[in-house]
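Note that chain A is present in both complexes that follow, paired respectively with chain B and with chain C.
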Partner chain A sequence: MSSAQIVFENVSKFYGDVLGVNRVNLVVPPGITSLVGPNGSGKTTLMNLMTGLIQPSRGRIRVLGLSPDNPEEFFREVGYCTQFDTFPKGFTGYQFVNSYLRLYGCPGKEAETLTWQSIERVGMIDAANRKIAGYSKGMRQRIKLAQSTCHSPSVLVLDEPLNGLDPLVRAETIALFKQFAEEGMHVIISSHILHEVDAISDQVILLSNGYVVAEGQIRGVRDEIEDHPMQILIRCSKPGELASKMFQQEHVIEARIHKDGAGLLIKTRDPSKFYLMLNKVALNGVGIESVAPADDDVNSLYEYLIGGEESTK
Partner chain B sequence: MNLWLTQILAVIRLELKKTFFARRGLWIYILALMPLVLFGAHSFAVLTFHQQADFGQDTNIFATVFQFFYLRLAIFFGCVGIFMNLIRGEMLDRSLHFYFLAPIRREVLMAGKFLAGLFAATVIFGTSTILQLVAMYCHFDPPTLQEFVFRGDGLHHLLAYFGVTVLACVGYGSVFLAAGVLMRNPIIPAAIMLVWESINSFLPAFLQKFSVIYYLKSLCPVDVPPQVPPPFALLAVNVDPVSPLIAVPSLLLLSALVVLWSGYKIRRLEINYGTD
Partner chain C sequence: MAIYKRNYRAYAGPLTPAWSRSWILTRYAWRYLFRSRFMTIFFIVCFFPALFMALGMYLNHSESLLRLVRLPPGQPLISDFPTYFRRFLQFQSGLAMILTAFAGPTLISPDLANNALPLYFCRPFSRVEYVFGKFCVIAWLVSLITWVPGLILFGIETGLSGTTWAWNNLWLANAIFVGSLGYVLVLSFLGLALSAWVKWKPIAGALVLGTFFLGAGFGAAINAIMRSTTGYFIDIGHMMNTIWASLFRVADYDAGVSLTAAVVQLLVVCALCLWMLARKTRAFEVVR
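For the complex of A and B:
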């Protein structure tokens, strides 16, 4: 197994009789990976296992070849921004980040420079010398992010990192995650807000009741779900004409004109055949402007795999 | 500098600030200062009402208060407050993950926390011990006092009481640090330990050796006077005193073993104060 990946080998965690996660086998490559699932699905358990805050009841975890049992080496490569809003008492934002670097073993001057760099990256310079107890929810999130990235880790684990951020800071933070991923970092994000991770994830891990129900690139996962016909939105000039042609195809089970009247929503059991047929139709002057899958987002996957009642959106 | 040493110093720096300036630790200062107030009042009364001053009597009073109140209650509960807070207190505050997510071995963290607790307890209770002795004898005229300190037992008593105070902090500190790692509720181990230390005199000789007070009693420079009423006299009786050459290393060894064991246990300590 590559030492450049995060590997879960048959990992289970039980809290007494209560299941945390069960038989998790995962290989997480670099890039942005989202853990998605409703409350209680096992996202935080998986993250706490990954960072050694809890021990697996069974199985083995390796992060870039390192074991969470050895924090001295492990946390030189890993940063964890937890979901919990608790800080050592009386700390200012600066002290919170700086203390971490001193524990890391950084000499005073170097720690100071890295602290300010990290605080600047999350836009907290002005509030750095104020007590964290007086911070807003969004500011606490940002100072946690500064702390978890101050030592330039290779793996960044973020538990609900966008909670409490206003739209502008949210956009900036997402851009920061993308930048980390582009630099080759593993960024693991948990969220129960699907549309949030949909836009930024390279791959998703869908969790339900402690089990991994699907993993991989969103489109790849969608292709594997054969029970649900694929939905495709076609933007065209003559949706009615196109609908009548589509109904002649055996694999098309539904064709519905879009509510704005400028498109057609198709449900098909065989996307490959559908796209072949669409090419022919396009040549017959229907005026197709665009064709795009309508249900290969995380929310649709979630609904198909886990069921509407558990959907988190 | 060696990484572990750097990390231990970083932990000590963080912990000392929390221990010395925590509002919830105010009662520890009050406990440490109570005998000081008592002895100060005694000296004030002697000076104000021109009472007869007696070195022997004052020495016995000091020994009695030191053994019955200061060692068994003030330092004991002070160490409960300081050392239990180092791990269990942070678990209850939900802030221990700050350390557990840092690149520091948990055994090194444990050593740093223990040393920080020990330093804080020694400063608080050691300073109080010295000030108590000063307060007890300050009503004597300077030549008599000088004679007592430099030609009599004064300096020896001062060093011995200070040493016993430090050893008490080491012994009780190690036990309560371990209790903080193992138990959720600090009241239970504190109560068990209090009972164990109290019945120490009634235990078989072999079991007596597994207590902190057994060694401390032997190291106190003055025995509790026989005039003390029976229930208290029984607590202070020391039928088999151990020599300082054995008492000091034994207590340090016992404490070191407890700290090492805590270091081993903390490796598997889980933080799970979250819900998904």
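For the complex of A and C:
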């Protein structure tokens, strides 16, 4: 087992009779990994297990080869940013980062240096000595990030880090995550903002009712779902004619003219057969301009996997 | 899978000992507490009784000053030192209770209200260390106005009366220290437990006072109605007085309960507070 990965081995967590997560087997490599799922799907439980805040009822967790049973080593490698604004009353940004850094055991002078380094990394130097109560939502998010990265962890766990941020701050925050990942961190994000998850994640873990329903790269996950039809958008000059031809194929279960009238949405159970057939159709003068998967994003995957009523959007 | 080159290192410098990290919470809590002008003034006022007691001791040994206050020569101002120190401790315990009612609610409830506990516990920092750090806030504040000045007064009297007096009355120093320590434990745990369970600070503060005053009131009512002494078991103040009376060897104190019963009752209160703290100081509250 690699010591550079986060490994869940048959992990279950029950809160009395309530299921948190069940039989989770995961290997999380470095880079940005997104946990996606509706409320109660087990995202936060998985994050809490990863950060050693709760112990599994069954199974074993190794974070870079370390167990939470060894807190001195384990917590040095893990940084955690909660979804809540958890700021002690009256603290400045500097005091907030510095006080929690001291709990890691950093002596005064070293803690001061590291505090300023992490505050600088999130671009908060000018506001560091102001009280957090006066910070904007984006500034609070950034100072929380500084707090969770001040000890240079190898694993950064961020619970709903993009919640409530305006587009500009969101873009800045995403850029920061990418920077962390480029530095070699495991960045684990839980989020409901799926189009951003799509854009920033190296891999996704889809959760539903405490179970991991799919994991891997978004395209890879999509390929694994054989039972569900794939939706493809074909831009062409004669969508009606193309639709009639498509309906003759067994693997095509739905053909719908696009609302702009210049394309056709096809749902197929067998993409390979579909693409083969499409080559033949193209030769018959239908005038195909482009062919692109229409559901190669997390939300579509999610809807496929756990049903529309639980969709995160 | 994306491949990233790791180009930074985690902090690998020196570390402070694990036992000392709880003090960070204590220091920050004190800093927060003493931002309050009321708290600062009240804490200073808590030392005035000790100053008066010290002055009394000095006066007791100065014949010229005794003449000045027109006390007959040869008749000491303080003849019964056990009572002198016990009264001091009883007075200070009242001040300590008010101090706890003010300081206690600021300790755990803000962390719970802000969901801050996960931030503490995702570090090499345990629940026991967290509670200990917060416990020290009240424990030291109360200590500084009870046994610390009490022992200083004992030292002053030793300086004025000589080492023979000190040797003969060493049990008094023990009574001051042990008696105060018991009170410090009860007050600190009570302040923390109520802070953990009651998020609204004024109510938590009122409950600290209420535990003593209402306990005494209900206890007296139970005793009167049932014509028994069982009511004392909810009267923490009475139990403390019973212990102090025993420690200061007060012969004519009618406690109504035995020393063992008083000690057990206070241990039960501490255990109950610890249970309350264990229930609340968790990284996550499980809502079923």
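Simple rule for what comes next: the second predicted complex is superposed on the first by the 270 of 313 C-alpha atoms of A that agree within 3 Å, B and C clash if a C-alpha of one lies under 4 Å from a C-alpha of the other, contacts with A are read in each partner's own complex, and residues count from 1 in each chain.
Definition applied: a contact is a pair of C-beta atoms (placed from the backbone, for glycine too) under 8 Å apart; a residue touches a chain by one contact, two chains touch by 3 or more.
The shown structure was predicted, so the numbers you read here are calculated from the model rather than taken from an experiment.
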- Message: Both complexes share chain A, so when I overlay them there, do chain B and chain C fit or clash?
- Response: clash
- Message: Applying the document's definition of touch, where does A:Thr115 land relative to chain B and chain C: first, second, both, or neither?
- Response: neither
- Query: In the superposed arrangement, which partner chain does A:Ser208 touch: chain B (first), chain C (second), both, or neither?
  - Reply: neither
- A:Gly16 contacts which: chain B (first), chain C (second), both, neither? second
- Query: Taking the superposition as given, does A:Asn39 touch the first partner, chain B, the second, chain C, both, or neither?
  - Reply: first
- Message: Just to be sure I read the superposition right, which of the two partners does A:Thr173 touch: chain B = first, chain C = second, or both, or neither?
- Response: neither
- Please work out whether A:Ser191 is in contact with chain B alone, chain C alone, both, or neither, and reply first, second, both or neither. neither
- Task: Mind working out whether A:Thr92 is in touch with chain B, chain C, both or neither, as first, second, both or neither?
- Result: neither
- Of the partners chain B and chain C, which touch A:Glu183 in the superposed model: first, second, both, neither? second
- Greater residue coverage of chain A in the superposed arrangement, chain B or chain C: C
- Query: Which of the two partners, first being chain B and second being chain C, lies in contact with A:Gln141: first, second, both, or neither?
  - Reply: neither
- Message: Superposing on chain A puts chain C and chain B in one frame; which of 22-30, 202-210 or 220-228 is the clashing stretch?
- Response: 22-30
- Note on the structure: Both chain B and chain C touch chain A at residues 15, 48, 51-54, 71-72, 74-76, 80, 82, 84, 86-90, 99-100, 102-105, 151
- Going by the contact rule at the top, pick out the chain B residues touching chain A in the complex. 3, 6-7, 10-11, 13-14, 17-18, 21-22, 90, 93-95, 97-106, 108, 267-268, 270-276
- Partner chain A, residues of chain C touching it in the complex: 1-11, 13-18, 21, 24, 28, 32, 35, 110-111, 114-116, 118-126, 283-284, 286, 288
- Message: List the residues on chain A that touch chain C in their complex, please.
- Response: 15-18, 29-32, 48, 51-54, 71-72, 74-80, 82, 84-90, 99-100, 102-107, 110, 114, 147, 151-154, 181-185, 202-203, 217
- Going by the contact rule at the top, pick out the chain A residues touching chain B in the complex. 15, 37, 39-45, 48, 51-55, 69-76, 80, 82-84, 86-90, 99-100, 102-105, 148, 151
